[in-house]
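Pasting the structures in now, so scroll down.
The following pair of complexes shares a single chain, subunit A, combined with subunit B in the former and subunit C in the latter.
Let's turn to the complex of A and B:
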């Protein structure tokens, strides 16, 4: 049963990955990429790494792929022009592909082949990670939060601009406004206007 | 349960810094610009308090299951780096006020940078080390480009960021190799494991990453550009606090993490040290911008500071602390002096602009002269004794070629320090500078006084402290 599931998922991942680079429309490419992320997550579930699968969906599908989609849709990049001349990179691409393939074969044959126990001492690996993250590595977890805060402050410092001419809603002023402040009764003489 | 006493004994200063930083973020979010001026002073006070806490918990301890460990060696470095960071923050507000960029985020980033320095210094685990370095670096990148509307500041920030990210990558890759070949991220356990080719590889990568952070050759290229482009108060901070902290971290990593393998890394450090001296001394010869000049000068001085690191823990530790302390005080004074170079049109940075400063500002000129002579290593100023200590450490460790290079580099670098002095004393007077902030002028004068022979007792006291601090490392 697992084997069948694996093969189905593996074929989908492979096909989706090929379509990412084969699709003419860049938006389609990103959608194929999302499919391959999702299916990889399913593969991770199959080998018992639910937490990683979850992260993959949350981080890559939820954030990275959406960002890609935004960039592709917002920036008017001429992909046809970009793709011209890619043919000359083929030999190099094949070389790298071969090296990559050889590495995978080496992992299986020469073998650091020992598979680690998915979650020592806990029911699920999310639980196992949580247990060390909030106890042994509490300090690091908190410092990671500080680093993110610094990144946030930094982004604000470097990009936020207070534009004096921007119109903003001031609710207090809005509700405090009386009819007398805003309207005026004018007695208009006929034929003369205001 | 968390052991609060141990946490307090180990990382009390960092806890304070982070608490003030978080509180400041909250207050700043509501008070906005009204908070800015207060934040500069409050931040500086927090840094001084953190320095005091580091001294108070002098003996240090161990907390978070061995993720952080402190000892007098580390606490000395913490006290000095927090202290100089505090001064750099205290004197910064006038500059930013005049440039219309007085924002409360600046002191906050400074606090977080200091937190990063403290955490890296306390690290006794590769992960803590990296997290600390990253907190420091990330804050530094933003600080370097704080004047985002100035192209040079933005360029400095970008260059620093791209190269810094690369260096962080090297450090992290080295750390992962070290972890892979020893099976542990804890300093003590790694120190206890056998040296192999894989571990050696990891060590070299880690050295490269750390060399970037202290701007030692061949990872120095960012220094002159960042020093030139970043706002001057930021450079005053860069050239003092992180230099002190990261140099001691460098030494700490070599002494404790790879303490058993001195023979393997002595030559590497010696070569980095020699190269920094040569590049720093010769690179500065043709500089006309005083900030660039000080950038090269800092590269050379990092080269000198690496001599005691190469000498090993027993011989080198006290002289490293002494040399770095005197250097960062001098450097801070020098940059405070550069902060005073202000005319009607704004800041000026050319050395020629200092022409005839002795006529209009005799006290400051005297102080700057003392500082420059001290960095150059002219007796009887403080810098000379520090350099002498370094040379003695090098000789004791049998690093004769390195010591000879140090002396030659010092002689070469005398030229450009003396050139600045010559411009200040004997050149035609330029238009007078605008009056400086009292705090800036005071910093220059105090730093100058600390270099003067009249306060020689300062060296003696400092020497006693550094010896005591280094003893802590041995135990």
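Let's turn to the complex of A and C:
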């Protein structure tokens, strides 16, 4: 039963990945990409790594791919024109694909022959990952966090523009304003005006 | 679930699971019909109107009449719309809204899938909900739906962050991501519910605000008023739903309300003690048959959920719509730092007192 499920899911992942590059409409490409992310998460569930699967869905499908979709929908680029001449790079594509394939084969044959345990030495794989991440590789984990923080700050610095002419709301000032500051009661005599 | 299937044989086990799922869906849908009516009735009552009162006694059959009307109308697909994506979007929304319910425990043991990462699963599925809206808005090939869907994408992604941190505080207190265990951790009466957390005394100062933040973020996440900017009728006509009619529109509606009720269920499970009553009565529970106990649990769960939904409905009636920059300010500048600080405080408390293990 698991084998059947694996083959169905694997075929869907493969087909979706092919459609990502084959689809003419870039938005369709992103939608296929989302399908392939989602199905890979299902594959992870199949080998018992449910925590990783959920993280894949939350991070990649729920956040990263939304931004992809967002950007692709907003861009006004003629993708058909952009795609012309892509075919001349096919030797590189084949090379990269072969390298990737060789790596996978190496992991399966040279590295570990048997199936990997999803949660070595712990009840659930959330615990197993936590153990490894926060005890054995704490320093690397924190370095990765700092790199991400720097990248985030860099992106903000690059895109932030201060526009002095833009009107902004200062909520504290707004709520601190009282009636006496803004209005004045004037007793106008008839026919005189203020 | 696969263990269950192996235990009971492939045919019988699978059949049982399918029947469970079907039963759950039917009960949910029928309950939803009346919840929809409740929403309209509350809204009407606040405005001193009567609300729907023609179909059936007190208008109880109104939702079913609406359902029939939606089914019988013609499906209009705008010219130039991306047909596949256009029709896929509402189906996706409703499917995801149903799928999320799989892990919600409504009574002891009454849950379709009791998985270890239940909370994460809910979080993941609800973060997928944004696709239905984006796809619908984009595929309509029209300006207002597209603007609405862009707004909603930004809004939902922003508020997911604070919802995530609020959920983390609860997970930290319980030490598990399994929803059943989270409910069981609140079994000692109303003072152990996470909204009050009186058994970890000073933490009420953190957890009650977290409950409020979760409620407000849930409003934003489900595009409910006062955060219904994606469908703001004064600016965007009806946002991403403009071009939808008939059954696709019904599916969007259904998905939206299922998500709202799911958020109510989530508030109940995470903060209001799930199926537990406010006072534990172990002697009474022991003398009752299991079925009675479970039905009582279900009644408590439903009552709390309805209370949460009542809050949703009354907010819709009373609070004016937010402006978009205010919405973003609230999410990123107020809720995010507050919930982040709460995560720090709660994890500090858990480590210092060692309550968890």
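Operating definition for what follows: the second predicted complex is superposed on the first by the 117 of 194 C-alpha atoms of A that agree within 3 Å, B and C clash if a C-alpha of one lies under 4 Å from a C-alpha of the other, contacts with A are read in each partner's own complex, and residues count from 1 in each chain.
Throughout what follows, a residue touches a chain if its C-beta (ideal position, glycine included) is under 8 Å from a C-beta of that chain, and two chains touch if they have at least 3 such contacts.
Not measured: the values here are computed from a predicted model.
Contacts of A:27 after superposition on the shared chain: subunit C is touched, whereas subunit B is not.
Of the two partner chains, subunit B is the only one touched by A:156; subunit C is not.
Of the two partner chains, neither subunit B nor subunit C is touched by A:7.
When subunit A is checked against subunit B and against subunit C, the one touching more of its residues turns out to be C.
By the touch criterion defined above, A:147 reaches subunit B but does not reach subunit C.
Of the two partner chains placed around the shared chain by superposition, neither subunit B nor subunit C is touched by A:134. Residue contacts after overlaying the shared chain place A:61 against subunit C, while subunit B stays out of touching range. Remark: subunit A residues 136-140, 143-144, 146-147, 149-151, 153-154, 156-159 touch subunit B in the complex. Of all residues in subunit B, only 2, 18, 21-22, 25, 64-65, 67-68, 103, 105, 108-109, 112, 115, 119, 127-128, 131-132, 134-135, 138-139, 141-142, 145-146, 148, 157 touch subunit A in the complex they form. By the touch criterion stated above, subunit A contacts subunit C in their complex at residues 1, 25, 27-28, 31, 34, 38, 50-51, 54-55, 57-58, 61-63, 66-67, 69-70, 73-74, 124, 126, 169, 171. Of all the residues in subunit C, the ones that touch subunit A in their complex are 10, 82, 85, 115-117, 120-121, 123-125, 127-128, 130-131, 134-135, 138, 146, 150, 153, 157, 160, 177, 325-326, 329.
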